[in-house]
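Structures incoming, each one as C-alpha cells.
Okay, so chain A shows up in both of these, paired with chain B first and chain C after.
Here is the complex of A and B:
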C-alpha cells in the first residue's frame, strides 16, 4: 500500500481529536424559562430566581407521563447571573441552560435602582441569552411574584409567558419589550423604553370602572378561580433606569402613535355622548399611515401629528341605531375625536412634564429636519422635547356597526 | 510441514490432471486447422473438440444426400437450435433432393447460409446456435442459421415503472433488445458494432451509436477500452461496467443502467453511446452525468408542470435522505437552541429515559432499517410482507416501549428511509445511503459545522470527477450549451439543443419553437 495512503488513513483520528467540543446531550440540561432579578441583601449583589421548566410534563401524548411538577423555582444570592449558573448546580442536578429563556423579570425596586444598568448589561455578555428575550417589570419582588404566579391552564411556563406576552402586545395592554429594544433605546438616548408591567399581588383598591383599561397591573378586579397574575400597563425606563409607569390606556395610546408597534386588536369603550349612563364598545383600527410634521428650526419648535383611525362601534346599549342617523354619527365622530385628542394631549403633557422624554419614537422624524448630524446634536432632542409645542389630531372615520347594524328600538319592543 | 500442506491442497495432482491436450493453447492449435474434404475426418475432429458423446447436447446427424449417395453430416448443439426449423428447412430438402448437381444454396430454404472453411469459425457459428453441414469432397462447411436461445418474453419494466409512457423492457436476449431499439429509431445511421470482450466464453458486446451524432473520439475511446480487456468471461453488463469504469473505488456511479428501451433511445438520440449484451435485461449508457441518475423517463412524458413537480419531490427526498438523521444528531447534541421550545422539551422529556446518546440511538435505528431492507430483498417472496411487518412493528413500537429509542428517532429514521426509496437508480441510491452515514458521523463530531464541511468536500469531489471525459455535474457546472435538463426541465419546445458536453456533431435537435 502506498505510504501516503496509509498516512491518509490517520486523518479520521484527527477528527476524533478535534471533534466533540461543546457536545452536550439535550436531556442533560435544565431549561431556564425565566430569570428573576431582585436586589440582593448586600450592595452589588443580586437575588436570582430561576424558573425551570420540566420537559417531562405535558410533552408526551401517551405513556411516561409523570406526577412531577411542571416547573421548579430556586432563588440564590449571587453577584451576577453568569456565575449563578454553576452555583445553582448545587441544587439543580443538570447543567443550567438559557436556550429556552423567554423572560427576564425584574422587580420594580431593582429596576428603579441606579445600578440596574450594570446588572442588565450582563445579558449581552452571555452567548445563550437571546436578544429577543422579553424584559418584564414586576410590581413586587420577583421571588414572591413567581411563587404566586401559578397558571391554571398553561401549566408549562414557557407556553404561559409566550402566549401571555404575545396576546398582551396584540391588544396593546403591554408593549413589546425585547432586550434588544431596551439596549437600542438606551444607547440611542432619544426616547424612553417601555417594558411590560406585571403583578400577581392584588391591591386593596381594586377597580372595575366603566372604562376598563386605565389601570396598572394588580388593580383590575377579577373574580373566579383563576391565576390572579395580571400583565397590564408598562414601566417607563429612561437611560436604563425605571422612572415611572403608564397604565393600560396610556400604553395603548403610545402603541397607536408609535410607528413600530404590533398592536392589532384594540377594543375599548367610549361614553355614549347622547346617553350618559351607557358605554359604547368600539374597535379601533389604525388603517392608514400617520403623518408627523415638524418645525424645529424656529424659535418655538412645533410638532403636528395626524392620527387617522377607523372606529367600529360594536355595541348600542341605548338602542338608538346610529347607523341610520347621519347627524348623530357625525356628532359621534367628533366626540370620539375630541375625547381621544384630550387623552393624548394629557399623555403628551405627562411625558413632557414627568418623564421629560417621549415614548413615541418621534426623534426619528426629527432627524430628517436637520442637514447634518452635528446640527441635530446641537439641537439636543432630549433637552428640547419638554418645551416643544405638540398637537395631535385624531381623524376618525366610522366603520361598520357590528355584524347586524340595525336593531329594533327599545320602545318598539317594549310597547 | 509445508510439503504436507501442499500435498493436502493437492496442487501437484491438479497440475497432472490437466492434460496438455486440453489447455487453451492446444485448443487454439486445433482451431487453426481448416475443414477437411472427408466428412469422417471432420466429424472425428469435432468429436474431439466437443468431446462427443460425453457432451450430451452436441448432436451429429449423418445421412446420404438424395439419390447420389454422397455422404453428408449435420452438426449442431441441440439445446440452442430450433429443431423444427432444422427439420423443415434443412434436413428435409437435403434428403429429398433429386438433382445431383444442385449446389447446397439451391437446396436449402434457410435465408442465411454461410460457407466457412476454417474450423475456428465453424466453432464460433456452432456456439451461436447454427448448424454445420459437411459434405464429402467439399472443403467448406455450410453454416445454417437456426438458433433458438431460450429466454423470457418482453415484460414490463420492474425497476423503472411509469404510469404514462411505454411499458416495454429489455430482456436477456440481445436480438430482442436490439429490435426494441431499431423499432424506435428508423435510421440507417444507427450503427451496431459487435466486439468480443472475453477470451474463453466469447461474450459479445454490441456498441450502438448514431453515426452523424455521436462524437467519433468517444466511440473510439470506448471501443479501445472494450478491445483491450483481457478477461476469460464477462457474463453481463453489470460486470462489464466494473471493468471499464474509471474510478473503481468511487462512491458515485459513472455509467447509467436502464431497462427501458425508450430511455436508451432518447440517450442515443442525444449523442450518447449505448452498450448491449446478451444476458443483460438492461443496457448501459455512456457517458452518464449525475442528473441522469436523478431523472426518470416519466419526467418528460408528463406535462411540464407535473414533471417538474415530481422532480421537486425527488430532490427534496434526496436531501431528506441525506440530512434528516444527521440534522437530528447535530441539533440535539450541539444546537439545542435551534429547536422550537415545545419540540425541544418533548425530545428532552422522552430522551430522559433513553440510555444511549442521540448519535448512537440514530445509528441503531439506521442500521436496523438497512437490515430490514437487505433482509427483505433476499427473503423468499412469500415471506417478504412478513419481514416488513415484523421489522416495523417489533423494531419501532417495541424499541420505544422498552425505552431504547425515543419516538422522535423513529419518525426521523422512517422519514429518511422512506425518502430513500424515491431515488430510483440503484447505484445512486446506494451512494446516497452510504454518504448518509458519513453525515451522521460528521454531525456527531462537529454538529452542523461538520455536516457543512462534509457537504462541501462532497461537492468538490463531484465537481472533480468525470464519466468518460464528461464532467459529472455538466451541464450545470461547468456550464455547457444544452437543454438545461438538470434539476428542473424546460417546456419541450424550448429543449432545442443536445447536451454540449457530448460534443455531438449536430448540436441542434429542434427548430425554434419546434416548428419549421
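Here is the complex of A and C:
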C-alpha cells in the first residue's frame, strides 16, 4: 500500500483530538441543579445561589449509604451567572456545570424589577442552559427559600424539583413554565406568561377550608412532619416582568382554557347545590376540543368560547344518590356550569382590568383571523384585549359517579 | 492512487443529494428564510421549489443530449471556449465562497453548541481534513458512504422532527401569509440558491450509471427534499414562534437541545454524531466538485492531487476573518442572493443555445 495512503488512514484519528479539549471527567464537575436569583446589594448585580446536587448520594455505587449531604448551597454576589461559575470555584472544588440544571428560581422581588429581563436573557447565551429549564418564582428571597426547603423523601434535589413540578403541572396547580415558553411568550408580546409560584414560608393567615384551591403558595395549612414548601398558583409576567399572581384555582381555570397546558388530573370541589353544608368532590376532564369564535373586524370585537368538560362526581356526602334522580342531576349539571362560568368570567375580568393582557393563549386564535402579520400588528391584540367582549360558556357533561354509584340513603341506615 | 472509474447507481446518487441539501435545514439557512418571510418561510420554500422546477427540467434536457459530458464540458460546448470557461469559472468562484462560508458556519455550530473549549482552528482542520480524505477517495466512495449512513441520518432527523411536532402548536403558523405575498415571493426569489446544489450535481452526471438513473434520482430527491425542508421550516415555527425563530442562529440545534424523548433528556448527543457524519459527507462532496471543476477549467487531468492543496486554502480562508459570525452571515446572505438569479437563468440560457444549435434534433432522430 502506498505510504501516503496509510498516512491518510490516520486522519480520522484527528477527530478524537477535537473531543479532548472539551473532555472532562464527571468527577471533576459539580452539577448545579438549581440557580437562585436574588437582587444584589448594588444596582445591576445579582445574588446567586447555587443548589448543587451530590451525585454520590443515592447512587448504586455507594449503595445509598454515603454520609455526605445530598446537596449543597452557596450564595455569592455577582453580575451574572456566567461569570459566577468561576467565582464560585473559590468555594467549590470542582468545575461548575449547568448540564443538569433543572430549575431557575427567582425571588418575587427580582422578578418584579424592570431589569429582570436583562438578567434572564443571559440564559440564552450560555451553552449549557437548556430552554427546557423551569422558571419558578419564590415568594421570599431565594437564598432563604432554598435554605428552608429540605424535602424529607426526595432528598436528591434534581428528583425533588422534577417530580414536584411535573405533578403540579398535571394537577394544574402550577403552570408549565419552561424558559422556552417564557421567551416565546415574551417575544411574541401578545399575552402574559405564567410561572410556577412557590414558597417555603408560612403566612399567618393560613387557610384550610372547603374550597381548597383558592390559595397562593404558603397559605395552605399543612400539618405533620413534612417539608412545608408549597408549589401553588402562578406568577404573572407581562413583557418580561412580574406584575401579579394567580391563585391555584385561577391557575387551573387558565390551564383548562389554555392551548398549551398538559393538565390531566383535576380533582376539585363544588358546593352541593341542594345541601349548603356539603361539598362535592369532582374530577374534571377536558375531553373535547374547545371552540373559540372570534369576531375581530367590527368596532366591538367579540370572543365566544365554549369549553366542553366531562365532570365526574366522586363523592356524595349528602347521600342524595344523584345517579337515580334525573331532575337533580340536570340541576346539578346546570349548577356546575353556572358556577364555573362565573369563576371564569371573574378571572377574565381580572385579566382585562388588572393585567391588561390575557394568559389564555387566545392570541393564537386571533392570529388565524388575519392574513398577514401586518394586519395582525395593526390590530394590536394586547392593546385591544381589555376592551374585547368575552363570553365563556362551559358545557358540562356528567360522567361517572365514582366506583359504586349508589349508596344507601342516610335515613335508611339511621332509622 | 488512481481514481476509480466505477459508476454510481441511483441509490448512491440520491443519497448524496439528500445529505447535501437535507443538511441545510440544520445550519443557518432557515434563518435567512425566516428573516424575510417570517412564519410563512415554508411557503417561500414551496415557491423556491416550484420556481426551480423549470430550470431543472431544462438542465436535464440539455444534459440528456450530451450524455457522458459533465456540466463544464457542456458549458464549453455550448458557449464556446472563452465564454464557457468564464461561466464555469464564475461557478467555481461561487462554489469556493459557498464552501468557505458553509464550513465556517458548520465549525461555528460545532464550536458554540458542542465543543466550546476546542480551538476553532482544530475543529476546522479536522472537518476539512476528514472531508478532504473523503473527497480523495472519489465520488463513488462518497456515494457509497452516503448511502450507508443515509437511513441513520434520515431516521434521526425524522425522530427529531416528530418530537418537535409533538411539542409544537400549529396555530403558531398563523397569520398564514406572514409578511404578505410580496415578502414571501421576494424571499423566495432571493434564496433560490438553496436548491443550487441540484445544478452543481450536473457536474457528476457522467458518473451516474445511466442517464435515466440520474434523471430519476434528481426528481425523487427534488420532491422529497421539498417536502422535508418545508415541513422542517413549519415545525421550527410551530415550536419557537416567528419572533423567536428569527433570532435563533441554528434552529435545528436549539430544537434538539430542547426536545425530550420520553424520560430522556439531553438528547442532542443522540443526534449530533449522525449530523456530524452527514456534514463530513457534504463537505467531501463539495471539495470533490470543486476540484473537478477546477481540473476541468485548467485542464488538469489528475485533479484529485489538487485536493490537499485546496483543502489548505479552504482552511486558511475559513479562519481568516476575525469574528467569523458577523462577516460570514453578511457575506453568506449576499452569496445566496447573487447565486439565486444565476441558477435560475443559466439553465434557461443553456437550453436556448442548445435549441438554437439544434442539439435536440439529433436527439429525436436517434
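Here is the rule we use: the second predicted complex is superposed on the first by the 391 of 415 C-alpha atoms of A that agree within 3 Å, B and C clash if a C-alpha of one lies under 4 Å from a C-alpha of the other, contacts with A are read in each partner's own complex, and residues count from 1 in each chain.
One rule holds in what follows: a residue touches a chain if its C-beta (ideal position, glycine included) is under 8 Å from a C-beta of that chain, and two chains touch if they have at least 3 such contacts.
Because the structure is a prediction, the values reported are computed rather than measured.
Touch criterion not met for A:289: it reaches neither chain B nor chain C. In the superposed pair of complexes, A:99 makes contact with chain B and with chain C alike. Once the two complexes are laid over each other on the shared chain, residue contacts for A:158 go to chain B alone; chain C is not touched.
In the superposed model, A:22 lies in contact with both chain B and chain C. Of the two partner chains, chain C is the only one touched by A:184; chain B is not. When the two complexes are overlaid on their common chain A, residue A:42 makes contact with neither chain B nor chain C.
On chain A, the surface patch touched by chain B in one complex and by chain C in the other comprises residues 15, 18-19, 22, 99, 130.
Put simply, chain B touches chain A in their complex at residues 332-334, 336-337, 341-342, 344-354, 357-358, 401, 442, 444-447, 450.
Partner chain A is touched in their complex by these residues of chain C: 1, 38-39, 112-119, 122-123, 125-126, 129-130, 133, 136, 169, 171-172, 174-180, 240-244, 247, 254, 257-258, 260, 265-266.
Those residues of chain A that touch chain B in the complex are listed here as 15-16, 18-20, 22-27, 29, 31, 53, 55-57, 59-60, 63-64, 97, 99-100, 102, 128, 130, 156, 158-159, 162. Listing the residues of chain A that touch chain C in their complex gives 2, 4-5, 8, 11-12, 14-15, 17-19, 21-22, 99, 127, 130-132, 180, 183-184, 187-189, 259-260, 364-365, 367-368, 370-376.
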